[in-house]
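Below are two complexes that have chain A in common, paired first with chain B and then with chain C.
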Partner chain A sequence: MEKVLGDKKAICIFVLPALLVFLVIVVTPVFMSGYYSLLDWDGIGKSTFTGFDNYIKLFTDSSGFAKSIGNSFILAGLSIFIQLPIAMVLALILAQGIKWENFCRTVYFIPVIISTVVIGQLWRKVYHYDYGLLNSLLKGIGLENLQQEWLGSTSTALMSVLAPIIWQYIGYHMLLFYSAAKSVPGELYEAAMLDGASGFKTSIHITIPLIRPMINVCITYSLIGSLKVFDLIYVLTNGGPVHSTEVPSTLMFNTIFARYQYGFGSSMAIFIIVECLLLTIIIQRLFRSDNTAN
Partner chain B sequence: MKKRILSVLSVLLIAAMVFGLAACGSGNDKTAGAGTQTASTVEAAVAEVTTAEAAEPAAAPAQPVSLKLWHMFVSDGDGNKKPFEAVLKHADEQLTDVKLEIDGVDNESYKTKIKTAVAANDVPDIFFTWAAGFSKPFVDSGKVLCLDEYMGDIKDKLLPGITTNMTYNGKVYGLPFQMQCGALFCNKELFDNNGVKIPETWDELLAAVKAFNAKGITPMTCGAGDKWPAMWYYDILALRTAGAQLCNDALNKKASFNSPEFTEAAAKLDELSKAGAFGKNALGTTWDESQIAFAEGKAAMIYNGNWVAGLAEGETSKVKGKVVAVKFPLISGGKGTMTEYYGGSGDGFMISANTVDKEKAVKTVKFICEDMAKESYLAGSGMPGWKIEVDDSKVSPLVKQLVTTTKDATGWVLWWDVFLEGADADTHKNLATEVLAGTRTPEDYSVEMQKLNEK
Partner chain C sequence: MDTETGKLKKNDVKNRIGKDPEANAYIYKNKFKTHLLNFVVLVIALIQLFPLVWLLFFSLKDNSEIFGENIVGLPRHFLWQNYADAFSQGNVGRYLLNSILVTGLTIIFSDILAVCASYAIARMRWKLRRATMVLFLMGIMVPLHAALLPLFLVLKSLKLYNTIWALIVPYTAFTLSMGIFIFVGFMQSLPKELEESALIDGCTIYRAFFSIILPLVKPAIATVSIFTYLSAWNELMFAIQFVSKPELKTLTVGIMAMVGQYSTKWGPIGAGLVIATIPTLVIYILMSNQVQKSFITGAVKG
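Up next is the complex of A and B:
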């Protein structure tokens, strides 16, 4: 086995099939989209080459792309500063080995396993104006004046759509943190306990510093996930009402399939890819410089 | 300890994979689910028929041609679902030399599906589609069969002018099966119980809106979340303020949208919306939810297509026999008349230019369209586009009323989102929805619409 793994030719042969599939299915379409994004094309008929016009149009045209980017950054901000801390707290509590540990872990993870369309339909019902859980609850406790047309009003729709997205992935990040916390050697905790550190203190001074790499991974995941979020928004509002919940992916989808603007839509796709790559690199840099500083 | 970590990690890995699969699959769940389900039921039916045929030896010596057929009559709320199932059954029984491979998905998904298929050069032999601007890119790309040379024997069977919207560059490319038109459906029981008069004028309409709001009943339901139902209210208002001639001229880029008539229509929509005509949550309501609200008797009025009759008179409806269809009120000072209608022949079937057997595909489409004209009329969901002779004693009075009403038509305007092409149609729907939502002024609306004509 050692011999095989040391043989460069063997490595090439074993990697080749996967590499080919990856190239054909992932890399080629990206480059094709890159080419399409330079065209004025309806996806069916003839196309004309327009250079970077589509990219200029992204921010000058009335398509609302800039606003959709803004919305995705709001989601990214909420994910990093609300979702991850909640996930972290849950993970640290669970990792200390409380009663019901396995049960709680499973319960928190359930939203991640349920299909997004199902979650979307559930939340549509929760937000329903007439019989929705939320409005009924408000009515039940005498707060009728707080009842809202949650998904139907331009002022509440965005937050109403973002809440389920944040809620859904808490379990996912919690499990990542939890598994990292569990891999911290137990001797460290024992030593800290002997020195008189409380559970809270060991979490702050031992667990969190030791699971930094996982925090890095989670921040990257939730940032990228927020920037290219699509499914839940598509099910809940499809970008409406009046574009108030539009994110780049829903706008791209509608541009291509409702408006027949294949070239323009492709330029949005390329923009999302480049944006995600750049931000990933920046985050990696930030974490690396932090590490060397310590 | 190490074992513990490994097990946690492996659980995590599996979860991540499941999650990945779920995320990838979810977008298409609806579509695929609906499609396969219909495909399989029909296939089962086909299989039954084939076995029946096989039992009689030498009945059909030639191998039947296999043709792909795509449609969108799958949703339970769609009044055309049952008639189309009947048509497919008839086709199976009577067209023995053709074997149809049926695939159907719901309306909104179908729009995406058919566009993608045409773009990918994977056009089904026979496909349902919308007329005018929606199918124009298909025809322009040369992927649709021109039907001119096959029209000979059916010209007399079709209602005059019905193929107009499927005619491109003077040639017919598709066969419609029905006429459709908008009407203001009123729940008579709600009107009577609350002492409200069914509106005949604009002022009476506003009075009705006010009266129903005071009673906590949604006056006019509108699924503005799907955008096109909101557009319907704008378009009928424009038909009343500007008249059919000016509407068609503007849509054909021969007249300007930036004129007082179109601004007036937007102002009227704004007025209705501000008066609370569309209830509290129009923007968060989908089309399906809105029509169900009407069929449940929770809303007093709905302005939409004649297919509402199919639902309102259907078995599950709570308003069966209580609904009347009236013409949308005139607006004083407007150029529109009572004999101008919103609708026409807006959909039908087309054939791929690369179909395996043109003759048989044409024969099948003719059969399906004529039969569908009958069946949808009998089911109360459509107004026949063919001259058909059927015993219509069982057809609901509401549908008969719609068919006879429109005989006096002096002008038709097709739905704007079907008439206009891709991006323009979407822009129009967005603009109309924004007016309804109160985020765009009527003046601004007209300016933006005219930009479409000046491109």
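Up next is the complex of A and C:
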């Protein structure tokens, strides 16, 4: 039987197709991007090898890359400090077993599965100056002076594109927190109740410490997801007006396909991968030392 | 959580109602709290749903309602013509078919490749299986961006650019990692004895895979397919760049084209957006628990 389970031919037949597709389509392009990032190349003419010049250019010329990184960190901050707490509160309320538990859990999750293009187009209409939902509601409650050209003005555009992202993924984090809270053994709650602890206290002292691993997962996902965000911003503003909503992915996309700076754009792609990898490692380290300290 | 102790305590309090002001206060406080919590979660549910309901409303309105008379409310007359327009002039039917074709084939290929590779990784014995697993898992970390330009150039040189394969092949490759992660986890939880006795009786490894393991991993196939469906159906970056012929566009890109074409007619645009969402919503309504479970399974590795 050892022989059957170690049958080289069978192993190849099972693994090779997936491995080949994966190596050719996922792994190789990463290295090709790495190579392109060292070139000065417009995609048509000859390329010249320029070493790390593109990476230096990322932060020295006026492409707005530094600003786009800043914006992606603003999103990460909002996501971790606003979206996750909201999701956590909702999850804790629902996990206590209230009447609308299943209904709300199901409803909160709907925006998560809907295409970002649909969400983006919808929010463009929500923000429309004359006929949008937001300005109409403001008018309806007598706050006309708060009406804005939400996506068109540099002062409001960034918050206006980030709000739908926060809105869309609340249900995702809520679901993860909820599933973790539900898996806390019931006896712990019983014991707390017998001791007279309120639902609020039980949450703070029992549930939250016990679902720490899931909180770590959600923080990591929020951070990495924010650094990679593309779809919604591409649909809503494509980085404008004047780079005010630019994130690394939109800038990379436009640098490559609108400005034909293949080498420079590739250095942005590589920067995004390395940034995500490094931050994942750092954040995991932080959580690990945090856990041992407790 | 709704345990006997909890109920006992409530009953205890009930018996004391009317006699004991302290118990009355307890009941009122708890009732108030329950109402408050219900209110909060329902308000949030409304916030999560309202933009989508508004979309449904304006997809059925004419311009005079959308632009002024009735921005927020229910449509006065249900203008189904918007949906007809989206299909006949907006090309939404074509985009819908393309999306179904691309997503359907991606699910089939991704499931087959991932389940086979997972079988060898999870249940067969060979030296490089851990390394292979790690390699595949690293794929979960690789963002699509990283491959965008090289893939674009490779697809062009292979003459796949502007065919549906320019989407199906990359989608399949990029969903493999998640699929393998889920299948391997699932297969490792099955007892080893399952196929061992069959193999001792002289059953081939292929038969063991097809008739013993495959039927057992059906729940995992559902999980993986849901993931693959959502990532292929909703994908935008590759879809914009790898296909430019109008007759090959999928819904995400098609909708963007339609918005450009109809910029001032919100009704048909709204109809297009609703049509693009309906398949996802139907799947979700039919199996919302399974969909939610997929996301939990997909996240639990950290």
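Here, the second predicted complex is superposed on the first by the 270 of 294 C-alpha atoms of A that agree within 3 Å, B and C clash if a C-alpha of one lies under 4 Å from a C-alpha of the other, contacts with A are read in each partner's own complex, and residues count from 1 in each chain.
FYI, contacts are C-beta pairs under 8 Å (C-beta built on N, C-alpha and C of every residue); 3 or more make two chains touch, one makes a residue touch a chain.
Note that this is a predicted model, so its numbers are computed, not measured.
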Practice item. May I ask you to decide whether A:T116 touches chain B, chain C, both, or neither, giving the answer as first, second, both or neither? Key: both
Exercise for review: Could you tell me if A:D231 is touching chain B, chain C, both of them or neither one (first, second, both, neither)?
Suggested key: both
Point to revise | Of chain B and chain C, the chain that contacts the larger number of chain A residues | key: C
Check your understanding: For A:L175, is the partner it touches chain B (first), chain C (second), both, or none of the two (neither)?
Key -> both
Practice item. For A:L90, select first, second, both or neither according to whether it touches chain B, chain C, the two together, or no partner. Key: second
Exercise for review: Would you check which partner chain A:N254 touches, where first means chain B only, second means chain C only, and both and neither mean what they say?
Suggested key: first
Check your understanding: Should A:P213 be classified as contacting the first partner (chain B), the second (chain C), both, or neither?
Key -> second
Review point. So, A:T60: does it touch chain B (first), chain C (second), both, or neither?
Key: neither
Practice item. For chain A, give the residues common to its interface with chain B and its interface with chain C. Key: 109, 112-117, 130, 172, 175-176, 179, 186, 230-231, 234, 257, 262
Practice item. Note which residues of chain B are touching chain A in the complex, please. Key: 1, 4-5, 8-9, 11-12, 15, 18-19, 22-23, 25-27, 29-30, 111-112, 115-116, 118-119, 137-138, 140-141, 143, 224-225, 227, 280-285, 421-423, 426-427, 430, 433-434, 437, 439
Review point. What residues of chain A sit close enough to touch chain B in their complex?
Key: 42-45, 109, 112-117, 127, 129-130, 149-154, 157, 172, 175-176, 178-179, 182-183, 185-186, 230-231, 234, 237-238, 240-243, 254, 257-262
Study note, to complete from the structure: Touching chain A in the complex, chain C uses residues 1-3, 5-6, 9, 33-34, 37-38, 40-42, 44-45, 47-49, 51-52, 54-55, 58, 66-68, 71-72, 113-114, 116-117, 119-121, 123-126, 132, 135-136, 139, 141-143, 145-151, 154, 169-170, 172-174, 176-177, 180, 196, 199-200, 204-206, 209, 230, 233-234, 236-237, 241, 251-253, 255-256, 259, 266, 269-270, 273, 276-277, 280-281, 284, 288, 291-292, 295-296, 299-300, 302
Check your understanding: Inside the complex, what are the residues of chain A that reach chain C?
Key -> 1-2, 4-8, 10-11, 13-15, 17-19, 21-22, 24-30, 32-33, 36, 86, 90, 93-100, 103-118, 121-123, 125-126, 130-133, 136-137, 140, 167, 170-172, 175-176, 179, 186, 189-190, 193-194, 199, 213, 216-217, 220-221, 228, 230-231, 234-235, 249, 252-253, 256-257, 262, 265-266, 269-270, 272-273, 276-277, 280
